[in-house]
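Each of the next two complexes has chain A plus one more chain, namely chain B in the first and chain C in the second.
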Partner chain A sequence: MRLIPKDVESLWTLFTAPTVWALHFLACYVTAAVFCAKAGVAPFSFEAMRLALGVVTLVALSGIVLSAYLAWRQWGFGSGDPPHDEPTRKDRLLFQGFATLLLSGLSFVAVVFGAVPLLFIGACQP
Partner chain B sequence: MTDLSSEDRTAQEARLREVWRTPSGWRYWTSVNNTEIGLWYGAAAFVFMLFAGVLALLVRVQLAVPGNDFLSADMFNQAFTLHGTVMMFLFAVPIFEAVAIFLLPSMLGARELPFPRLSAFGFWSFALGGVFVCGSIFFGAAPNTGWFMYPPLATDKEYSGIGADIWLLGLSFIEVASIAAAVELIVGIMKCRAPGMRINMMPLFAWYLLIVAGMILFAFPPLIAGDILFEMERMFDWPFFDAARGGDPLLWQHLFWIFGHPEVYIIFLPAIALMAMIVPTFAQRPIVGYSWIVLAAVGTGFLSFGLWVHHMFTTGLPQISLAFFSAASEAVAIPTGVQIFVFIATMLAGRVIFSVPMLFGAGGLAIFIIGGLTGVMVALVPFDWQAHDTYFIVAHLHYVLIGGMLFPIVAGIYYYYPLLDARKLSDRLGKIAFWLMFVGFNVAFFPMHLAGLRGMPRRVFTYPADIGWDWFNLISTIGAFIFASGVTLVVIDVLRPKHRQPKGEQNPWNSGTLEWISEPEEKWGVRSIPIITSRYPIWDQPSLIEDIKAGRGYLPDAKDGARETLVTSVLDAKPIQCLRVGGTSILTIVAAFSLGGVFIALTFHWWITTIVCAIMTLAAIIAWLWTGTAVIPKEEMRDVGLGETLPLYTSGPQSVGWWAMFITMAGDGTAYASLMFGYFFYWTIHEDFTAGHAGPGMLWPLTAAGLFTLAWAAMLAARWVNETDRRGLTRLTLAVAMLLTLAACCAGLAGPYLTSMDPTVHVYPAIVWVVALWTVVHGGVAIIMQLYCLARNLAGRMSARHDMDLRNVVLYWHFLVITAITSFGVLGLFPGSR
Partner chain C sequence: MRKIGAGAGLPLARRRMRAISLKVSPSGARSISRRALPILLIPLSGCTGAQSALDPAGEEAAAVFQLFLVMVVGGALIWIAVVGLLIHAGRRRETPWSAEKAGRLIAWGGVAFPVVVLLALLAYAVWLMPAIRPWLARVAPAPETIEVTGEQFWWRIRYPASDGMPGFETANELRLPVGTRTAFSLKAADVIHSFWIPALGGKMDMIPGRTNMLSLEPTRTGLFRAPCAEFCGTSHTLMAFSVVVMEPDDYATWRRAQAGGNRPGTGEGKRLFAYHGCAGCHGVRGVTGPATLGPDLTFFGQRQTVGAGTLANTAQNVARFIRDPGAVKPGAKMPAFDMLPEKDIAAIATYLVGLQ
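The block that comes next holds the complex of A and B.
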């Protein structure tokens, strides 16, 4: 038995990884913006916020990796080459898997990009 | 299958022709056919472009030499504001709605998009709003505060006069048209593809347009929310952007750019989509990397929502915030680059024919890449601090937009013109036009980089002679006129009479995609709907065109005299319904013009006219719904040919109407979320955001939330009772739901009203009122819908089997109940009642 069925019959799985990127981006931006706007009010330090957002980043990245794994599986672990343009359900599924895998890759890079400021910026207005 | 006799075929064709006929005389304008609407839409957008182009030339003449007095400072401000506004709102976005409405049905192998009357309504709204906004400059009343209307300049009535109202209301009206188009395109692409066109076979143009329509849905509503706040400040002095009373001009910048940045990609992606159709044709091979294009389209669509603050790098936001947006702005270069490499790879893998469309396409890409590279530069915060608000930005944005949008559009005009007229445009004129435009563009805009680096700010109406800007400006002006002469040549080529030129073949470029099956003389879209088994059906399905023309596909006949197309499943495009779409109607024009009347009357504060027009709009829309939607067919099933029989009526998630409601409400929900963003934004910028003003208390808001929830439950009950076909009880339940809604609306207003919150004294009462009013207005709309369902029930037009109206209203209620609980929960409980 599989936890997640192998062939998810939905268009929406395509958007999983970019949605994780969007949530991660929002979490970072909103947290930092509110923290900096309410300077001194928050009961934790900038360092603690960075650390927390670092954890959020790891969670987001693992979500994307999971989405990528499922996509890779749907793509048959790369058993067939693109372009997946046959008029069959199988090719449609392979296409979805491949496109989702590519989007997971892009989202992974974009989340890493988004997390770089957390590494290098140590205060609201350095 | 055996072929029909030629008499039968002729009879079928005659019936189809009659059903899809475009009326003649003045009634021509009541047509809702996608080819007419697409053509009018495109022509109107193009005329607005030429108008805005003339404004740009006026601006360039004024700036040609230092100390010039060709235009007054105020006229200059109006000219550049209107130039930007018209180019963005009346050309760049609508031209793609136009192209999509024109091309998509045949490209998808459908007769029509699912809501042709909605397209017509969108077009008339756009045309009227556009004329209103453009016309203002002839009365010296055009907006004059820049195309992004920053307060406090634009909220200053002394300075901005009526221009800002014209901008806000005129464009809000046009945004309605854009959202209508988004609904049409999403449902059309997801549900109306030819059988067999699975999502891995969809033309790339459709993929791009699907993403773009989704982006419109999430990008335009924040601007609408911003417009509401802005107009409330201008009309009633509610201080949303007035810092002295707790407001903040920065909120406008956030809302504007949450719209404005995705908009750049809303403009760019469809242009690239045209390239994705043109490049394979002239490389004479399928695109290399179909999935990579899908990656790029979806990736860009998402990332483009994480860039908006890069327009606000100099507003003093925390540097860590700037860094997040800088990172996302760099990341978006990845999917953008992928597309360009895909095109290059396709060209390398094929044998490129350098025709006029390719020339414009390739030239546009070259220009766009330069704009993209300066984009990477200005995405870096320290560089942006130097370049912000200088001519460097002006150069950057024109390189991006003209390279990424105007050149591909002209490529598209040359490429698709045979679909309009069965003739090609002139190769010779096209080549001359291209070189004039290409050279003229670079001569005009490249020097602006240098003028900007030398410190020339945007939007100055003149400058002194001795600071080293004069040569750059003179060269730019000369370039602008060379560029304009190229554009003029394109216009001449399109408009020159061609009746002496022989008609060409149907698919002159030997393209592989389905839009080339469409015949310019016929209005039926496609003679019969084929089964698709390839991404490039014309190349790979040899008998396709012949089969379509011989009526061997689906729906080869129009026996019932109704306009019909197929609805298919989202993923695998299996036929699931025969959809009857609306035909020629004047109601759409009446609805659009009376809604236009509402916006125009509001601009001039003619309250009674506003109310009269609003009532007319409502009446027109209800007449349109009553006569044209959820029509109960005489027979349940329809023989669609090829041995298949499909239902004519579906409701719930099966039906296109349900999807349209869902999509509209997703956009509506985004606008609401933007208002709530405003609420919390004010909370973050103030230590005590109520500034000591009394709140609405807890009792009334929570009562309202409770009553809305009860009304929602009553609607669920009504749907359930209706399913058991007890019409009397359904009526009773609907009436109860309506009374509960009415009570909920009163309770919602009671909070701020009974605590005498005055929205003009401070931003806190103002934002409370806006949130409460937004929710209550939606409650009012819900009451109208409940009344409508009640009337349908009484008229015997709603039953257990035919319950589309009720199901769509219940879907509306799902969104409404979330809105109500959030609104009144937040108003009552946050930041704590005082």
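The block that comes next holds the complex of A and C.
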């Protein structure tokens, strides 16, 4: 049984990867801001928060990779070249698959960029 | 009638170009470039000076300068490459690029290259952050903290007690020892100001009701200028302080003298300073009682400027300021004292400049 049918015609799949990107950005930004604003209040260390956000990053990247795989499948594993601009159901599906794949790529890069400070920032600046 | 169109105009323009290029021999071109070089270099002189982030005199400013250089050189190289590609793309050629080749160029030049370069620049900038703004909690030994408060339109500076010397307040001139990290707790009394010593490091806002921390480490002695870096009212541009970076021994001597205060002294100026009520707002340690409404004036004669970086510190300028501060510095809170007899103003000015 497939998780999502191959030929599902919904715009929601298109937004999956950018939504994951937005949620990952919010998770990193809000967590770090609240942790540093309430310095010493949180029951865990900065390192623990860094690690947790690292895990969140991996989960986000996995979600985006999954979205990219589904999009690749919808695009027919690259069997046809764009532009898919015929007014047919098949072309609409292929077009959407290709657009979703590109958006997934963008979102993957954006999540990696968003996570770069996790590697270098080791403390809150008072 | 013959029409003058592009076809007719172009050869004419070309002929003129040729005539011009013929007049300039290769050696002539060299001499022109040799003569033009000093003129072209003039803008570079703007990079140095007492208020330049491009002439660093501190650890943080050096890191900011390094970041600036990497970004400018990196940006310039990419710009040259993109413009080169643009020129290449605009040229007509016999066999145009195939769609496949163009697609590969877009994938490598338009996707892979920006992703890798931006990732590298981002990682470099984030990696450099601790050098630009060191984590105070991790600085060992903990640096001494000087409190600086931004007020419309001057700087209140409080040195803490140390080595048995009491703490003291001064204004509009900060003195720091070279090679030692100093922390600043930054506050604002009225509106948002911003503390920025370009030659020593990046800026930090001073926000009413908040205390922001910053630390700086000067690496060479000298006199620097620090402007307020956040618009704070009509005289924002006239709100600056001088920074004197000194050898540690000189600094210790200066600090001891500051903590001790001025010698009481005598003279008409001193009497008039109290008589006309100046001492109600301005304190002179060792001479008057404590007064903190306006800038402290202890050792005023040592300062570089009058009116927080507005005028050179001469008796004439001090008198001008006393007569009508608002004329020198619009919006200044100090009232005009132009009702005082000229000789009294002159005596007070001479007295203040003499506070050495």
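In the analysis below, the second predicted complex is superposed on the first by the 125 of 126 C-alpha atoms of A that agree within 3 Å, B and C clash if a C-alpha of one lies under 4 Å from a C-alpha of the other, contacts with A are read in each partner's own complex, and residues count from 1 in each chain.
Please note the rule applied: a residue touches a chain if its C-beta (ideal position, glycine included) is under 8 Å from a C-beta of that chain, and two chains touch if they have at least 3 such contacts.
This is a predicted model, so every value here is computed, not measured.
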Clash or fit (per the criteria above) of chain B with chain C on chain A: fit
Which of chain B and chain C A:109 touches, first, second, both or neither: both
First, second, both or neither for A:23, with chain B first and chain C second: neither
Which superposed partner A:117 touches (first chain B, second chain C, both, neither): both
Which superposed partner A:52 touches (first chain B, second chain C, both, neither): neither
Chain B versus chain C as contact partner of A:61, first or second or both or neither: neither
Residues of chain A touched, compared between chain B and chain C (which is higher): B
First (chain B), second (chain C), both or neither touched by A:15: first
After the two structures are overlaid on chain A, angle v-u-w for chain B, chain A, chain C in degrees (C-alpha centres, nearest 10): 70
First (chain B), second (chain C), both or neither touched by A:125: both
Shortest span in Å between Cα atoms of chain B and of chain C, once chain A is used as the common reference: 6
Footprint overlap on chain A, comparing chain B with chain C: 109, 113, 116-117, 120-121, 123, 125-126
Residue ranges of chain C touching chain A (in the complex, touch as defined): 111, 115, 118-119, 122-123, 126-127, 129, 133, 135-138, 213
Touching residues (chain side chain A, partner chain B) in the complex: 9-11, 14-15, 18-19, 21-22, 25, 28-29, 32-34, 36-38, 82-85, 87, 89, 91-92, 94-96, 98-99, 102-103, 106-107, 109-110, 113-114, 116-118, 120-121, 123-126
Chain C-facing residues of chain A, complex: 105, 109, 112-113, 116-117, 119-123, 125-126
Contacting residues of chain B [partner chain A, same complex]: 190, 196, 198-201, 286, 289-292, 294-295, 298-299, 301-303, 305-306, 317-321, 323-328, 330-331, 334-335, 532-535, 570-572, 684-685
